[in-house]
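Multiple structures are listed underneath, in structure tokens.
Look at the two complexes coming up: chain A is in both, with chain B in one and chain C in the other.
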Partner chain A sequence: MQEVKKYQKLKNIIQVYLPEDVSVDEIRPSSNFVSELNINSANLVDIILDVEDAFDIRLENEDMNQMQTVADALHIINSKLNG
Partner chain B sequence: MKQKEILARLPYEKPFLFVDEIQEVTEDGAKGSFTFHDGLDFYKGHFKGNPVTPGVILTECCAQIGLVCLGIFLVGAAELEASNVLIGMSSSEMEFLQPVFPRETVTVISHKVYFRFQKLKCEVKMYNSNKDLVCKGTLSGMLKVSKYG
Partner chain C sequence: MGRRVVITGLGVCAPNGVGLADFTKALHDGKSGIRFQSKLQALEFSCQIAGEPLIKANLLERYLSPLQLRGLNATGLVYGIIAGRDAWADAGLEPTAGASPNWDHGIIFGTGMSGADKFRDAIYQVDNKEVRRLGSTTVVQTMTSGISAYLGGMLGCGNQVTSNSSACTTGTESILMAYDRIASGKAEVILSGSCSDSGPYIWGGFDAMRILPRDYNENPSAASRPMSASAQGFVPGSGAGALVLESLESAQKRDAKIYAEVLGGEVNSGGQIGEGSMTAPNSEAVQRCIVRAVQNAGIEPKDIDTINGHLTATTKDALEISNWSEALGLKGESFPFINSFKGMIGHCISAAGSIECVGSVLQFEEDVIFGNINCEDLHPGITDIISGSKIPLKTMSYRPKVIAKASFGFGDVNACVIFSAYNP
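So, the complex of A and B:
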């Protein structure tokens, strides 16, 4: 899968859990899920579960701890896909 | 973990404890009951001269039995010995089908959808003593074990 495609796929997942006051255009690779996109920890779990289904991978607790930004998430997805 | 141990670890007390008994708790779900005594304070105002258990209280009862009792069981005795559990409801989607009046006993049955990354999501159903479905829905909460709490 191309990087652009992966990013788009991830963006589509994140979009569902954005609070009303954050627009889709604000999602950037550098965006911090909690402090910039205002996603709470309960919704972050839902994003992770959707990512697992969409990319057919399994994430662990340490992956979640490392997943601060959208780029972190992509990095983790890539390492699982190649792992 | 025994049912009594779970009850002892619930972080609620009167007037906001809505669990009397746990009948069953497994990895997949919990079953418990509660009797709404007619002296409960909210009946004075909900509604004026016509006491009916508020939907939020039914939701809370479902959450305490279906989500929190199950969550304490899943987190496990070992973890709880030296730590505190921090609990917060993160979402609720409920449908209410029957009124619950003072002195009624209700039974809550929950089924785990998932418990991952400290988030527990359950489908819950509440029945009255006639075995009529009172309310049902999906509840989620975060259960964090705080070692220093």
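So, the complex of A and C:
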């Protein structure tokens, strides 16, 4: 899968969890889910589940701990897909 | 005596009407909300009818964001959110926006249990070793305080935010808890109410107890028969009712519409002693609850012109009338008018008290006493005590001054609240 496509797929997942005052255009690879995108930290587990379903991979608790930014998430997805 | 407390907002999500306008019209017309439930038939319930609010598909988007709707599988929460937010808006209040919550606004909104269907989903996943896949929404939808937590967040309340639970007494109790807190000066505005889930997992236990009617699956609207000689048991229901209670001071300051005043009331328990049990009321406690409610309200029994009973359509209805009559010292023609909305909506379990309190208070607004349905054949044990003319079969024009409302619940618990037309 192309990187652009993966990024778009991930953005679509994240979009659902954005608070009303954060636009989808504000999502950057460097965006921190909680501190910059203002996503409720409780929703990170839901993003993980959506990512698992969308990419057909399984993420472990350690992966979640490392997933601070959008780029982190892409990195983890890539490592699972290639692993 | 503490501060005066008034009702400034109402909201409801009932089997015979969602929203205040539809519910009011339904009560006027004696419209039944009891319908055949094919899912109960498929599950081989004895009682295959129930009262369930009909929520239009696009209605929820007005109350909940797409994210909040995601994975939402808790009917009681949905009903409670609709009723609660409607009541808040009806009171002319806005959600608190800004850096701090409103410290004077609270929520006391009860339920029996929350999110039975969500809990069922979770149980299947857990047993299937998929606990990690439950997501973040299981806890908040299944905790009993889910409804007060959702409403408290939506409205930005900074005072007490809690959910009480006392079976079928829950809704009426929530009003008295809110009343106490406002009267004592600890809060200015409290959204009180209660909700109850729909569905087989809530209603099944009652079906198993053989206390639901079995012979009306073909004729649902005739099934719930409070005060009738042919009553067969209560019809299970669901929904939510919500009332905004407010200090008179606060209501006057914002020039709010005042529906009625809460004069006071009482809650107690029969201790499951004597004739009282987990499921049957101790009459001594019921009468004491009513007597104390009248005393606490600072009125005389004869001041009560209208009663909205608990009256579930079981064999206990005559006993309830007897308890009212003994407690008030009134009988025959001197007994107040009395009605039960359960003929139309069934017994909405933990939502019953608040839905019926909304209906009771609407009688001040509409200048009526709403009619009873399905009791053309009054139980002789009732007409031995009170005159049949005190049980209107159709909605009648009347200007109620003082309405007493009681709810009784499993655990031998009782609540009685006294409402008055607002006199400045």
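Quick note on the criterion: the second predicted complex is superposed on the first by the 83 of 83 C-alpha atoms of A that agree within 3 Å, B and C clash if a C-alpha of one lies under 4 Å from a C-alpha of the other, contacts with A are read in each partner's own complex, and residues count from 1 in each chain.
Everything below uses one rule, namely that a contact is a pair of C-beta atoms (placed from the backbone, for glycine too) under 8 Å apart; a residue touches a chain by one contact, two chains touch by 3 or more.
All of these numbers come straight from a predicted model, not from anything done at the bench.
Visitor: Is A:V24 in contact with chain B, with chain C, with both, or with neither (first, second, both, neither)?
Guide: neither
Visitor: Classify the contacts of A:L81 with the two partner chains as first (chain B alone), second (chain C alone), both, or neither.
Guide: neither
Visitor: After lining up the shared chain so the two structures overlap, which partner does A:A42 touch, if you call chain B first and chain C second: first, second, both or neither?
Guide: In the superposition, A:A42 contacts both chain B and chain C.
Visitor: Could you look at A:V16 and tell me whether it touches chain B, chain C, both or neither (first, second, both, neither)?
Guide: Touch partner of A:V16: chain C, not chain B.
Visitor: Where on chain A do the contacts with chain B and the contacts with chain C coincide?
Guide: On chain A, the overlap between the chain B and chain C contacts is residues 42-43, 45-46, 49.
Visitor: State the interface residues of chain A toward chain B in the complex, per the touch definition above.
Guide: 40-46, 48-49, 61, 64
Visitor: Quick check on the complex: what are the chain A residues that touch chain C?
Guide: 16-17, 20, 42-43, 45-46, 49
Visitor: Where on chain B is chain A touching in the complex?
Guide: Residues 90-91, 114, 116-119, 140-142.
Visitor: Residue numbers of chain C touching chain A in their complex, please.
Guide: Going through chain C, the ones touching chain A are 65-67, 70-71, 133, 135-137.
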